[in-house]
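Two complexes are shown next, each including chain A; its partner changes from chain B in the first to chain C in the second.
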Partner chain A sequence: MKNGISVFIAAFIALGASWCGFVLAPALQLGTAKQTAVLNSGDTYPVQRTGDATLGLQVYRANGCAACHTEQIQQTGIAFEVVLTGAGKNPDAVSNLISTLKLTGLTKEEADSANDKITAVGGKVETHLIPTGADISRGWGVRRSVAADYLYDSPVQLGSLRAGPDLADAGTRLNNASWHLLHLYAPQSVVKNSAMPPFRFLFETRKIGDAPSPDALNLPSEFAPPAGYEVVPKPEAKQLVAYLLSLHADVPLYEAPYTPVQISTNAPAK
Partner chain B sequence: MNDLSQQKIDASCRVPLLALFGGAALWLVVGLLLAVIASLTFHKPDMFADCPVLSYGHAQPAANDAILYGFCIPAALGVMLWIFARLSQTELVLPLVPIVAANIWHLGVFIGIVAILIGDSTGFAWLEFPRGSSVLLFAAFLLVAISAVATFGQRKERELYPSHWFLLAALLWFPWIYATANLLIVSGHPVRGVTQAVIGWWFANNLIFVWLSLVGLGTAFYFLPKLAGRPLQSSYFALFAFWTLILFGTWCGIPQGAPVPAWLPALSTVASSLLIVPLIAIAVIVVKTVCGADVHCKGGPFCYIKFGSAAFLLSGLMLIASACPHFSRIVQFTWFGPAQEQLQILGFFAIIICGAVYELLPRIMDFELPFPKFVRFQHWCFMLGIVLLAGSLAIGGIEQGLKNYDLATTLPFLRASTTGLLFLLLGSLLFAANIFVMTLKWKLALIKSVIAAVTAPLEVSEVKP
Partner chain C sequence: MSDETKSCPTPSNAEPTATRSTVPMWVFSLTLVLLFLGFVYFDHHGGWFDERVYGPYASADQLDSYQPKSGAAAAIARGRKIYESNCGTCHGADGLGKPNQAPPLAGSEWVKAKGVQRLTHIPLMGIAGSITVESQTWNLQMAAMGAALPDADLAAVLTYIRSSWGNGMGEVTADDVKAARAAIGANPHPMSGDEMMKMPE
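Here is the complex of A and B:
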């Protein structure tokens, strides 16, 4: 290259191309995204977080929680599962057939063929879609995270490091506000050997007044304040917990389908 | 070119470069100190439980930004100005502008670091500085770029050197990516949803990988032939490396499995694997230029730049590895990513810039370094520190991925990384000592000459009629 202009043109072409690809194109593709429909349901997703939870996201941002926690569940694939919903008129034949078949961890073709065989002897079956992957088998979520999960968040706190567990579905997995408050104040009081730093600065230790505060933490003795004192969460702690409880990525979507487990209908008789 | 005008060129850079380097040396110490503070959390989690300012989530991003924005970029801008003046064989044009810019830049970094520590970070990796400080940084960069381009325009020799391509591209790169990222995700009306994350990744990759590579390699390709006493082997390879680096490098950075449309990570994976092409070209250039040169580095700037080039190749290979579909399943979300970033920032870039500063500082000041032995000592501190830091984080990251993100298995590695940071901190103190004592000596000499001029007796001949 002979002169400065040609260098600038080279750099302009290279960077301009990636700018179009990774800035302009995603903005066009996702910038006007709206709520999407939940599969097999009339609901739309996501819903706006509550006021406290929206403020809690700012507490999450200010304290750099994303330095150690991700909010994105990974999925490596999907498997099919054939579930019997009714034995039909010939229960013995169905049960004999089922004992010879593999019904979980199937591909689509295997699931269809098992489905056909059981239907042929009169059984009624449902085919369930089960996401697979380390995160899902660990119980961190039920399906992979998709763009729709973050529609109303700003800043989007995806995170890139898992010094602690993933939080994309924390509100479903850990749905107890007092547990979260205890965990923030003294992580080791609820998770033994936790390496999470305590966030005591989100709480206030104060003298008990006329009556103990209803908000006061019920701490195990080794973490409790001295007698006559109580630990109460500051508004920031309450907002942060509201945000953590609002983290749900647990509805089936077109781009991340799965069959929700229905606890009530299919439980075996006792 | 005679020595006198060479001296004049160097002297024209003196004040602007001191303004840039002085603040940079301070930020390197502050950044590494914050990094040590952050890593203390791995030894004793409740250390800063009552002190939000120094808690991990505040200190860690502040440390990263202090090192990158506080040290790497301003120090590199100083080196860049000197290289432009030297290659153009002309005195620095508009020397006042970079002096003003250096002060604006360091003020911006100061505001940004304080904001992160008090919880005013924006929450985007490498873009944590709030709006006000980003505006200052952007303006300061443009001011330095004006002086650099004006100096470039005054060049006597019209032919361009390989360093010119890399450094000129970097001058365009930073304002573009920094303005885009700040306008679209930090401004009052950010884009919605995961587009924020995509732009954040695009920016981080273009800054940490592409920009640092452009400037670091541009500097290395200037100093390596100079110190080895033989021409760059060869310009054609360098041209090829330049084109492939900017064409492929700029598309990396979107992690696999990210919750975004699948074509984005797919494109990034392809680009990352193609990065092997510029890496091979750069390896060939460095090896052919360095080997066969009859120069012993003895812990001097030549050593710094050789080590930095090797670290660049390794960090590039780590980047490619973490984009490989199979390997990325293991190392995603582990300390392997930070290990690669630290190797790129400290192992490659910071060490090359430190070597360059040690080489050019005695020339622009026109006197020797106050502590020449520190140069060799710092080289050892940095090498040990980087091997301990990046090595333990990388191995710890793989271990963490294999053990399902169980932090207990990683903690010993994280604790080892603190040792690496301490070595780096020691090295940065030596660097700061050299720069500050040098500045002090120069200021004292300046004051002395002023006093001498004021108190000098009037010549008798002027009094008499």
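Here is the complex of A and C:
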């Protein structure tokens, strides 16, 4: 082969450059990442998972959950909202002014100008920063995912296909362990049109002994085992549920700021 | 070009070759223009490889401008959390202190002083010996609880203490804490109340 050395050098440079870009640069940037501070609080984020939840990540991995579920919330923009917190000494002027102003879906400049106008007549306002995007309006999370969210995930279960919903913030949205157990045993028992396959091998159907187990699933009749039998979760099922409950991407961080608002997150996803 | 086409009927076992020819000028200029536009786009949207800049944010400056206002309100919210985990066990969540354990912070003249120098020294050095708070003398030890906190966190706690429980005093800045740390130097020793009174307010 002619020019063998040039071909080798060119290939070496091409592979070396991509190694620098894909391996070296990210390792330099994020290889030493540590817990970060939650905005406006003394807390650090993320917290280390409990032992069960750490094992649950391996169950999640072994069962290929990442084939149908992602763990990455996307955000396409930000909007600002001006919220009145006090009317001050001249409530009439403030309420007249507010009725003429647009207070939601603002840009930073518009929010600042609305803020100045209301403050000028004595009202007290807060400016809220609200991330926007399809994932966020679906209720899958409050802000985009950032590297800090995955600090204790090994390996990271990003996923690339969404046959099911995103799970990056699943522990906040679906925070009921018995709901998760029912859902793993018989997805259609809690979500009628769910496309998820059942994971019954994570459970044991056994004859009731002296007394029913406190762990036994409370299944609707069409999914229930025959009389005299009960369905109890194996340790893997409990670990997987502990992992799912540990998925919280719900605190504001420097790199993904937002203004937390008090909302009820108790209801399972529709 | 014509050389190549003419030389086509060669023996079938010969290795194909390409001859040298110049790149047309327009391809060269187009590449440069695309490269330039690419860099302009990167400059506006790329965040210059800052690991804190993601997605809809274009630069560290823009991200900075979107941070919640770092004024007193934010410091107080942050200071409260730190207070509850570091100070509240002894001084109480209500700042009233505990008998024979810790003096009150609510209404304390040490907290409500005009200057913040003495107040800033207490968590950085600790207290040993007697100290008089609200005309009651306390004889106890306090460890340098704040020495391990970052300047901004300690400033936030002190701001919280000074503005809560009816104390109604102003902010302590990270610079105040930094100055106190510098004044203490490398050899902090716990002080008594009398020693501290010698320090300017």
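FYI, the second predicted complex is superposed on the first by the 260 of 270 C-alpha atoms of A that agree within 3 Å, B and C clash if a C-alpha of one lies under 4 Å from a C-alpha of the other, contacts with A are read in each partner's own complex, and residues count from 1 in each chain.
The rule is simple: a residue touches a chain if its C-beta (ideal position, glycine included) is under 8 Å from a C-beta of that chain, and two chains touch if they have at least 3 such contacts.
What you see is a predicted model; the values in this text were computed from it and never measured.
For chain A, the partner with contacts to more residues, out of chain B and chain C, is B. When the two structures are aligned on the shared chain, A:A195 is found in touch with chain B, with no touch to chain C.
By the document's definition of touching, neither partner reaches A:Y229: not chain B, not chain C.
Contacts of A:V146 after superposition on the shared chain: both chain B and chain C are touched. Applying the stated contact rule after C-alpha superposition, one finds that A:L129 touches chain C and leaves chain B untouched. By the document's definition of touching, neither partner reaches A:W179: not chain B, not chain C. Once the two complexes are laid over each other on the shared chain, residue contacts for A:A27 go to chain B alone; chain C is not touched. Looking at the shared chain after the overlay, A:L39 reaches chain C, while chain B stays out of its contact range. In the superposition on chain A, A:Q74 makes contact with both chain B and chain C.
When the two complexes are overlaid on their common chain A, residue A:P257 makes contact with chain C while staying clear of chain B.
Comparing which residues of chain A touch chain B with which touch chain C, the overlap comprises 2, 29-30, 74-76, 144, 146-147.
Of all the residues in chain B, the ones that touch chain A in their complex are 41-42, 45-52, 55-58, 60-61, 119-125, 149, 152-153, 158-160, 164-165, 168-169, 172-173, 176-177, 180, 184-185, 190-199, 201-202, 206, 239, 242-243, 246-247, 250-251, 253-255, 257-261, 264, 267, 329, 332-335, 337-338, 400, 404-405, 407-408, 410-411. Chain C meets chain A in the complex at residues 15, 49, 51-57, 63, 65-69, 74, 77-79, 81-82, 85, 153, 156. In the complex of the two chains, the chain A residues touching chain C come out as 2, 25, 29-30, 39-43, 74-78, 108, 127, 129, 131, 144, 146-147, 252, 254-257, 259.
Contacts from chain A toward chain B in the complex involve residues 1-4, 7-8, 10-12, 14-15, 17-19, 21-23, 26-27, 29-31, 33, 61-68, 70, 72, 74-76, 134, 138, 144-165, 187, 193-201.
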